[in-house]
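Order as written gives the chain letters A, B, C and D; numbering starts at 1 within each chain.
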Amino acid sequence: MNVWDTVFPYLLSGISVGGQYALIAIGYTMVYGILRLINFAHGDVFMVAGIVMVYIASSGLPIWVCIPLVLLITVFVGFLIERVAYKPLRSAPRMSVMISAIGVSYALQNLVLYVTGGLNKQYPTIPWISDTVVIGPAKTKLVTVITPILVIALVVALVLLINKTKIGMAMRAVSKDFETSQLMGIKINNVISATFIIGSFLAGVGSILYFTNYPTVIQTSGAMPGLKAFVAAVFGGIGSIPGAVIGAFIIGIMENIIKGLDVILFKAGIISGPMGLATFSDAFTFALLIVILIVKPTGLFGEKVTDKV
Amino acid sequence: MKKKNNIGSYITLGVVILIYAAVFIAEQTIPSTSMLFTVLKKGATYALVAVSMNLLNGFTGIFSLGQAGFMLIGAYIYGIFTIPVSMRGQVYQYFDGGLVQFTLPIIIAMILGGLAAAFFAFLIGLPVLRLKSDYLAIATLGFAEIVRAIFQWNGLGPVTNGSNMLRSFPNFNDFNITDAQGNVTVYLSTLIPFIMSGICILIIVLLINSSYGRAFKAIRDDEVAAEAMGINLAHHKRLAFCISSFFAGVSGAMLAMYQTTVQAKSFTSAMTYEILLIVVIGGIGSVTGSVLSSFLFVACSEWWLRFLDEQQMIGDFQVPLLRNGFRLVVFSVIIMIVVLFFRRGIMGDRELWNLNFTGRRKNKGDGK
Amino acid sequence: MSNINDSVLRMEHITMQFGGVVAINDLSLEVRRGEIVALIGPNGAGKTTAFNCITGVYEPTNGVVYFQGKPIALNHPQGKMIRQYAGSEADRYKMLKPIVHTPDRITHMGIARTFQNIRLFSSQTAFENVLIGTHLRRTSNVFTATFRLNAREEKRNREKAEELLEIVGLKDEMNEKATSLPYGKQRRLEIARALATDPSLLLLDEPAAGMNPQETDELGSFIVDIKNRFKLTVFMIEHHMNLVMDISDRIYVLDFGKQIAEGTPEEIQKNPVVIAAYLGVDEE
Amino acid sequence: MKKMIALVLAVMMLVPAFALADNIIKIGVYEPASGDSGAGGKQETLGVQYANFKTPTVTIGDTEYKVELVTADNGSSTDKAPSAAQKLVSENVSVVLGSYGSGVSIAGSDYFKNANIPAIGLTCTNPQVTAGNSHYFRICFLDPFQGTVLANYAKDALGASTVYCLGELGNDYDQGLITYFKQAFEGLGGMVITESFPTGTADFTSYLTNATAYGADVFFCPVSIAYSTQIIQQASAQGLAIAILGGDTLDSNVVADATKGTNVKVVITTFYQEGANEEFDTGFKAWLNENPDMLTNNGGNDVISAVSVMGYDGYYTALAALQAAGSVDGAAVMAALPAVTIDGVSGHIAFDETGDAIRTSAFVKTVNNETGAWEFVTEQSVSGN
């Protein structure tokens, strides 16, 4: 087995999960770009999308009805969260809004805990994308291949939306200068709602892909992917959509490489036995975050914001 | 003004003494199996960590979410150095009894736990404290996750027992005074955590009201102006960060004593969020508030709202909705109401000793 | 004014450039011991930027700032700025090692300032605001301060703060929240707070902004008063020409980042360039 | 109006007071109802509840007591364990049953010890649960035994020379069983590679790739039900060719359902095989089918999990101990427990000097990939254990 054959399966897993992180990361980066808020509840919206799918699918509806229904409900949840938990705090200090976000996250998790009884729920099998395919030396689900393609398609659509449409222009204006755009007659609340709707929609799509790959949902399912997606957004430069996507792919790939690092090093003859480095697969993401924040706080593609004295 | 201040202080002192006396008496009279003592012990532990977090978030304006990581360090250091040598073979069953083959006195181990947490805070503080509000929050959160992974790593097993549980170290019950037959004669298992926590909180209060505390508050109010007043931002922020982490470490050791076992995997970011919510409910910038809300939070989550988790019958009528997990739903709703509508929390930024006991309300400046 | 060479503050060829925008270009000026010097100019001329360069809030792009004969800030264009640099004297300091101090170090050396848009510590009382100013001259460390082993120092500082409040006429309001005070008193409080740091040079950024004529008059004599009382040198930015002309020994005029005039109040009043800058001249 | 409310309140207070007039004895059920082990904990609780349904009273001395079960959810996590344990203590239970999961058992242990309440472990197999304790007993086999059984099976029946072990970080059950398995398997001349995943992991694809890359012949993952279903499903998607080996935690219909329709071979060791006791099987199934809630707790169907059997046996062990003690006092029950023996559904139960059940055999089961049912493979014992 040559090096490529050893590394390839990890790359494949990484690209797949990276694409799913990317879809969550876009929601983080857009909301941060406009509200300067880390929407801690975003990962939980992703999880709620998963749970909603579990319950809708178990009601016996055909899957082509379930998917749009799930996306619709997810979008509504995202919209509702903004209206209930963030809008009343528009003029409050940033810390209050962030705490509200943490509160929402806590509430969503507990609500799902109550509904599910705290048990893992089996995600329904979605036909076609769950099929097994063989790519080079690895066998995987079709969703692994679809994810990056879908992500790129969605990102292109999103970039077009932001650059070509009126609402997109309004979004860019608001993210540049909140107060001024308000004075210019932009309906701030509509723009913010639109942002949350787009973010939640993408998280919903991400959730379908993610849980098809890893088909168990529990109330904490969204926490880790959420945090990682946020790190991806920071890594790519918060506010930048391509940055978030690239960051997410890098994090997804690195995380899986680390899980397999023992094997890779072992095969390469560098170490003689496993060192348990897989323990650090999650921690690595955060180490990367701290390093990037120190070396280049604006991320890979971020714009520098100067504070006025 | 000065006179009134003193009245407040005396009243506070009186209240504190009354509470301690009540705790002592309750412990001797009420059966030790009562849920009350669990709440008090855990409440005392949480009070300390909440106040330590408030020192950072409320008084210095540094939004840090690393508290669970520092508690973990304190808890582990305490556990590692206090497990009786005779028990080490059992606890470190997969690591031949571990590397550490001596024990330290409880107090020394607690302080060492705090110092270790402060040391880690110093290291991480050098780069991280330069970051602005939410970036700092997410970096400290990440740091806590990294600490968790390090302590779980099998490579450090001989010291940390890998990802396995530490146990058999002295816990709160070991403070009870027993007679020769092993029967408890004087119960101290609740009073001692109160004293530990009380001393630590007193030190924090003294710090807050010292010249350094004023400097911290100046930084919170306006960094630029504070710097223009000759306050070295880096130095003072690091100081606040290390001191807060020290006490988080000590409270970690107390949590270890409360839980009787320690395991790295339970020190998650969810724990930090919980502590943050305690601080918010109590009022950001109020020590009294943090202490009050710690006890309220623990009592509600462990005791008073427990009935929501079980089916209740009123006569033949089964109350709907009640089942496992409902307590937490109600709890989250309460928290969201506080966060959205009572943003100042229970105490705002006031303290027990600053309250106007004479009944006349002074015109307060508009608090944000 | 004993010695004409007794320079307290000297700026040499200071240029401050943000990206492509030159906020100050090649500014050189000097403030001597015991003087009251004013820096005037239309809005956006770069006056506050000059203050920020002195106090370490900004790192000047090029030039040196001396305080009591020692350089406290020195820089020359570096990195990307070498190509972007649009000011003059680019090569003058090329060989020298840049000097950067954080604002607190500068304050420590003896330069205190107030802010154009009052920056008091909003959650604290007037008294506490001044008390914070005494923090930097502490001899206690965090341990002794926490355990009250510095009681004598603390007492001294409290007395000093009280005395300063009395001097600025805020004794009665000492326990009021700083931000609940009327505007004029907030400005005085800021000065008291700055004085608490024991400065030898006081930088006042528009101390009379928002004051009525009577308050402005009082402020003038107040500034002279504290200057004499604390043996200060005062360097101020001000728009109230009456105040400036009344109390300044000398005046520098800044326009579009460049110094356009320097001289005594009488000279400046007659200077056609200054008049043009303020009133706008059609021919130009 | 106020009087009305007062009256209603007074009546409400009186109702439980009347209920208290009967002789009641409380048995604590210390089990996870949520979290990663929630599914298993619920099934174990079902066994206890069924036993309580069959035998709701016990005669101690000359008095007949009504047995009341007090449940506490330890949330599958060691930090929630203390308050759950304390809840049972504060309810003054006479004896505690549980828990599913060794870590939470250890975490709750000291609370029972301090209150002089004996605890009977039902399926917590880590030796640390009872070692050095006089109050903790257990009716199942231990990990050194189970590890050896599994190692023997891997070597002899599966012909493995290299085994890849995957456990959850910080889970005492996983890590303990893996350690004993490793000892035994290496003793047989095999090679063992161990890795751990952080709590909350959902993506196991890279670990599965690791196993293949190391050239392992068996994938040993004695993890909780939640993770094992994930592993099995992802193994199926990746086309994992080697057998997945598990411990008693995997003996659940949830795992069997996950395996159904895949090509993954799942082999486990456990305490009981359906069909060994006809009377229990039919009774339990009938009871499950009568109570929709219970059926849901069992994972939606009436397949019997070994943990339910252990719960059932544990309940009768507790009753026997109460009768032997002749008292409802915890300390007396504790003193009586070592001498208690019963013939349970899972076999004869007697305690050795550490308080562990003396067990000499384990069942090996596998999942039928077509029907999704557990099939009996062999009953394996280890000499010298």
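By our rule, contacts are C-beta pairs under 8 Å (C-beta built on N, C-alpha and C of every residue); 3 or more make two chains touch, one makes a residue touch a chain.
Everything numeric here is computed off the predicted structure, so don't read it as measured data.
Taking the mean of each chain's C-alpha atoms, the chain whose centre lies closest to the overall C-alpha mean is B.
Of all chains, the one whose CA centroid is most distant from that of subunit A is C. Of the two chain pairs examined here, A-B and B-D, the one linked by more C-beta pairs in contact is A-B.
Subunit C has its Cα centroid 48 Å from the Cα centroid of subunit A. Rounded to a whole number, the gap between the C-alpha centres of subunit B and subunit D is 34 angstrom.
Averaged C-alpha coordinates give centres for subunit A and subunit D that are 36 Å from one another. Within subunit C, residues 57 each touch two or more of the remaining chains. Listed for subunit B are residues 149, 152, 154, 163, 224, 324-325, 368, each touching two or more other chains.
Among all residues of subunit A, those that touch two or more other chains are 113, 117-118, 220, 223, 276, 279, 282, 309.
Of all the residues in subunit A, the ones that touch subunit D in their complex are 1, 6, 9-10, 13, 17, 113, 117-120, 122, 130, 132, 138-141, 210, 213-216, 218, 220-221, 223-225, 256, 259-260, 262-263, 266-267, 273-274, 276, 278-279, 281-282. Those residues of subunit B that touch subunit A in the complex are listed here as 57, 63, 124, 127-128, 130-131, 133-135, 137-139, 141-143, 145-146, 148-150, 152-155, 163, 224, 269-270, 273, 276-277, 280, 284, 323-326, 328-329, 331-333, 335-336, 339-340, 343, 368.
Interface residues of subunit D facing subunit B in the complex, by the touch rule stated above, are 12, 15, 33-34, 73, 77-79, 81-83, 86-87, 89-90, 92, 103, 106-107, 109-111, 114-115, 127-128, 131-132, 169-172, 175-176, 179, 196, 198-199. Those residues of subunit B lying in contact with subunit D across their complex are 32-35, 38, 42, 87, 90, 93-94, 149, 152, 154, 162-165, 167, 171, 173, 258-261, 263-266, 271, 302, 306, 309, 314-315, 324-325. Only residues 55, 57, 102-105, 107-108, 112-113, 115, 119-124, 128, 131-136, 138, 140, 142, 145-148, 150, 154, 157, 175-177, 179-180, 193-194, 196-197 of subunit C touch subunit B when the two sit together in their complex.
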